[in-house]
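What follows is a group of structures, each given as structure tokens.
There are two complexes below, and they share subunit A, which is joined by subunit B in the first and by subunit C in the second.
Moving on to the complex of A and B:
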């Protein structure tokens, strides 16, 4: 039998894993979009938040079965992704010459426009629905405890685990087994090359935003129903953690980002044992700093150099 | 009528005018070379033809149909392939994936693959290797092979021998001959003007974004100005 301390520790690890998977859910879409544009999409956390609100709206208006909520949110995420690309990213993609493709100024402008969209969306939501947590009908909450011997996990944690696993596997299948995935990887690898072989680069970028945002939105509702916290700022902190995970993972590696996200979640959960709650937030920033200083290409970065 | 007809095109990049009223004709089944010093605007001209850079003015017709203003992917689909400067291969993807991407949306590309493997056997051996791990010469072969996968009627080659060892240069030029024998028209930009003029039927000289001279390659080879500027003759 596990003695008390061990049970406590294992329980902490389980909670950390669940938290890490929440970050991973966001980091997957984040990294996918970064790969294809080489620009950080700061509005990804807001897609996550809007996904949660879209789900809540569906619940309040239609009260559909939980599975239908997920489908509706997925559709909303798809649409939001296409819109986001159109408003925040497309305007900065008018030129195809090498100077523009490599332009730092253009990249920074794109990044700032996504940051602006993110802030505006958050503030508008706050004005419209208020900053408070929304109340979620009890029937939809995913907090039913499941007892595993001395350990206890919530039904929502199981759903998070299943969602993260499914998303990861589906994305790997898409990227490495389908024609669309081949084109997405080509655009990520060399946009000018993609233009030269006749890939419709705009379509591929739109599709990538749609897929990434779909994943972001679904993550939002899953986490919202598990944590019971749906509010306009909900995307901010996990969005930053997902960003840290992406950097730690080497920027363009989805498996790297997922592993880093789990490491982050575990570190945070364990740190609450040894340091006070407030400090656990610092963990991710500390890890980010260490990564940037000592592993500038990420913890797993060892890719072939671009020629 | 010529397979490719470029008429009076001007191109501006980043606010700088680069090409000024350039015209050129490429007859079917020929090899046409464009000579010019560094920065003359050769790459810009080729990219304008491929629809990657927009035109300020002028028109481009391919096989009778206007292609200017069309997106680059349409132009590739209509049978005009481009092996670009700097190769622009997909370095993180395998050789085979690079070639598959060259085939575009075609469902069946085994025949093209066999053709490319036939002229560049090394690409078959390196099939599963990441393209970024190939040698410079092999990457250039991959770049040309990838362009051939689209089954082009016209193939644009931008400096295919740049930085290659002499035996690779020889091989690339032999391949250009082979490609032409298969009925593909070739537009060639090449640093090695002597080799280019020897293989080409027609030639154009681009200077500061304008066509300065044009004519049969044989004739330009014996032109005093061309010899001075590009063939290193005294």
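Moving on to the complex of A and C:
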């Protein structure tokens, strides 16, 4: 059946899908956090980077099996998320009244504080480990090619597919089948309403950061294991792409963000090969521009009022 | 008077130099419908905010069912039995009617942190029973799996009441329940609130529609400039000269 397709094209689509799924994992964290706080968390890309470094540290110190590396990074992501919320977001949530919730000044202050944390983290990491690429030890690298007929997939890409799928399923289960998920959705829908129905909004916001950061950190190490290189700047570009996916997806739609992220990944892979390397960035931002111009609510934005 | 459900003792609330509430003391008996009226800016919403824990009083105490509750966090007061609806509705538009109401029912279940991660199963029956009861009580059971955003304004009002009822409150506080409703809807709402009260729920409501207040309330509180101006039966209060000058008079003039 592959005869109908150019094998090269299918290969590129697979690569693009893997890249898109990475963006999607990051974009989910963005979208979750934006949902409960209505604020963009600019430090999310740094959680991705720190997740990769936490994995490297675990490998260097403990040399555990690869599966345990993922679990340790997930735990690190959880802790980092809670810390991030405490340092960059909580100080701006002293007031709960409607005027403060809608206040642009408070929102911008929160946004800038997360940007500041992001820059500080990146710079500190550069001072501490240097700006150079750090290599993942050979034994942990997931670059073994797996042949599927004429196609070849790296084992790291398989890991990306599996991790992404698992995380999507877990997230759906969490959001729609657990009390925590119900509470997260309630807080995203109307924070004051949730508060008055007996939901401890602060706990829910912390939990949301923990979950979003867990996904971000895990995607960082998964990409690290696949690409073999990690460095303090590594979170920047995927962070921006995930942000683009969130905006394209309509800011508050997780499926929208996931689909947009995959589309971005596919477009990048195709443009790299059929146009030239330099075009891939241009195409992502072009897509964002077109979305904003013609679909100001994003491709999947719901038409419900937000508070 | 029957036993006291809610008691305010010398309650004051000020923001900077502005006194939103000044030295308010009152007892709300269990059972019955109490109306809270007063001109705009009289402090009605401030009073609700203090009772539900949203604002912390500058002075004074709030007691509910024999326990002091001022200073407690909002969610805890909600779980202790004071539920609230809002003038600007605060339903969860992107969730189904059932999920909206089940949030209230879930809050009434006592869980620890661990239960957050567990499936709803062990309490599922209690939650679902409480949710369905509240949905049937408000006539929303046929719309249970509709998104709240798709409901009409009137239905959304009932949804907010259903969500509050699912908390199984002892006191239901309603902020202008009839605002935005037409005459027949208002009459239906009045009947509904009367039934709730007969079933033993105490209600406290802010309402500008004085004929509605006269019709359903058996006790009326009048606030003016943050002070309790008068209280008593609707007939008593509306004959009170001080009330007529400060509120009714100014409205009719």
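Simple rule for what comes next: the second predicted complex is superposed on the first by the 296 of 307 C-alpha atoms of A that agree within 3 Å, B and C clash if a C-alpha of one lies under 4 Å from a C-alpha of the other, contacts with A are read in each partner's own complex, and residues count from 1 in each chain.
The rule is simple: a contact is a pair of C-beta atoms (placed from the backbone, for glycine too) under 8 Å apart; a residue touches a chain by one contact, two chains touch by 3 or more.
As the structure is a computational prediction, the values presented were derived from the model and not from experiment.
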| item | value |
| --- | --- |
| Clash or fit, subunit B versus subunit C on superposed subunit A | clash |
| First, second, both or neither for A:86, with subunit B first and subunit C second | neither |
| Subunit B versus subunit C as contact partner of A:180, first or second or both or neither | second |
| Partner chain(s) touched by A:189 [first = subunit B, second = subunit C, both, neither] | both |
| First, second, both or neither for A:200, with subunit B first and subunit C second | both |
| Which of subunit B and subunit C A:100 touches, first, second, both or neither | first |
| Interface residues of subunit A shared between complexes with subunit B and subunit C | 96-97, 179, 182-183, 185-186, 189-190, 192-201, 303-305, 307 |
| Partner subunit C, residues of subunit A touching it in the complex | 96-97, 177-180, 182-183, 185-186, 188-190, 192-201, 207, 252, 302-305, 307 |
| Subunit B contact footprint on subunit A (complex, rising order) | 95-97, 99-100, 179, 182-183, 185-186, 189-190, 192-201, 303-307 |
| Partner subunit A, residues of subunit C touching it in the complex | 52, 54, 73-76, 78-79, 83-84, 86, 90-95, 99-100, 102-104, 106-108, 111, 115-120, 149, 163-164, 167 |
| Subunit B to subunit A touching residues, read off their complex | 13-14, 47, 50, 52-53, 71-73, 75-77, 82-84, 87-93, 97, 100-102, 104-105, 130-133, 139, 146-147, 150 |
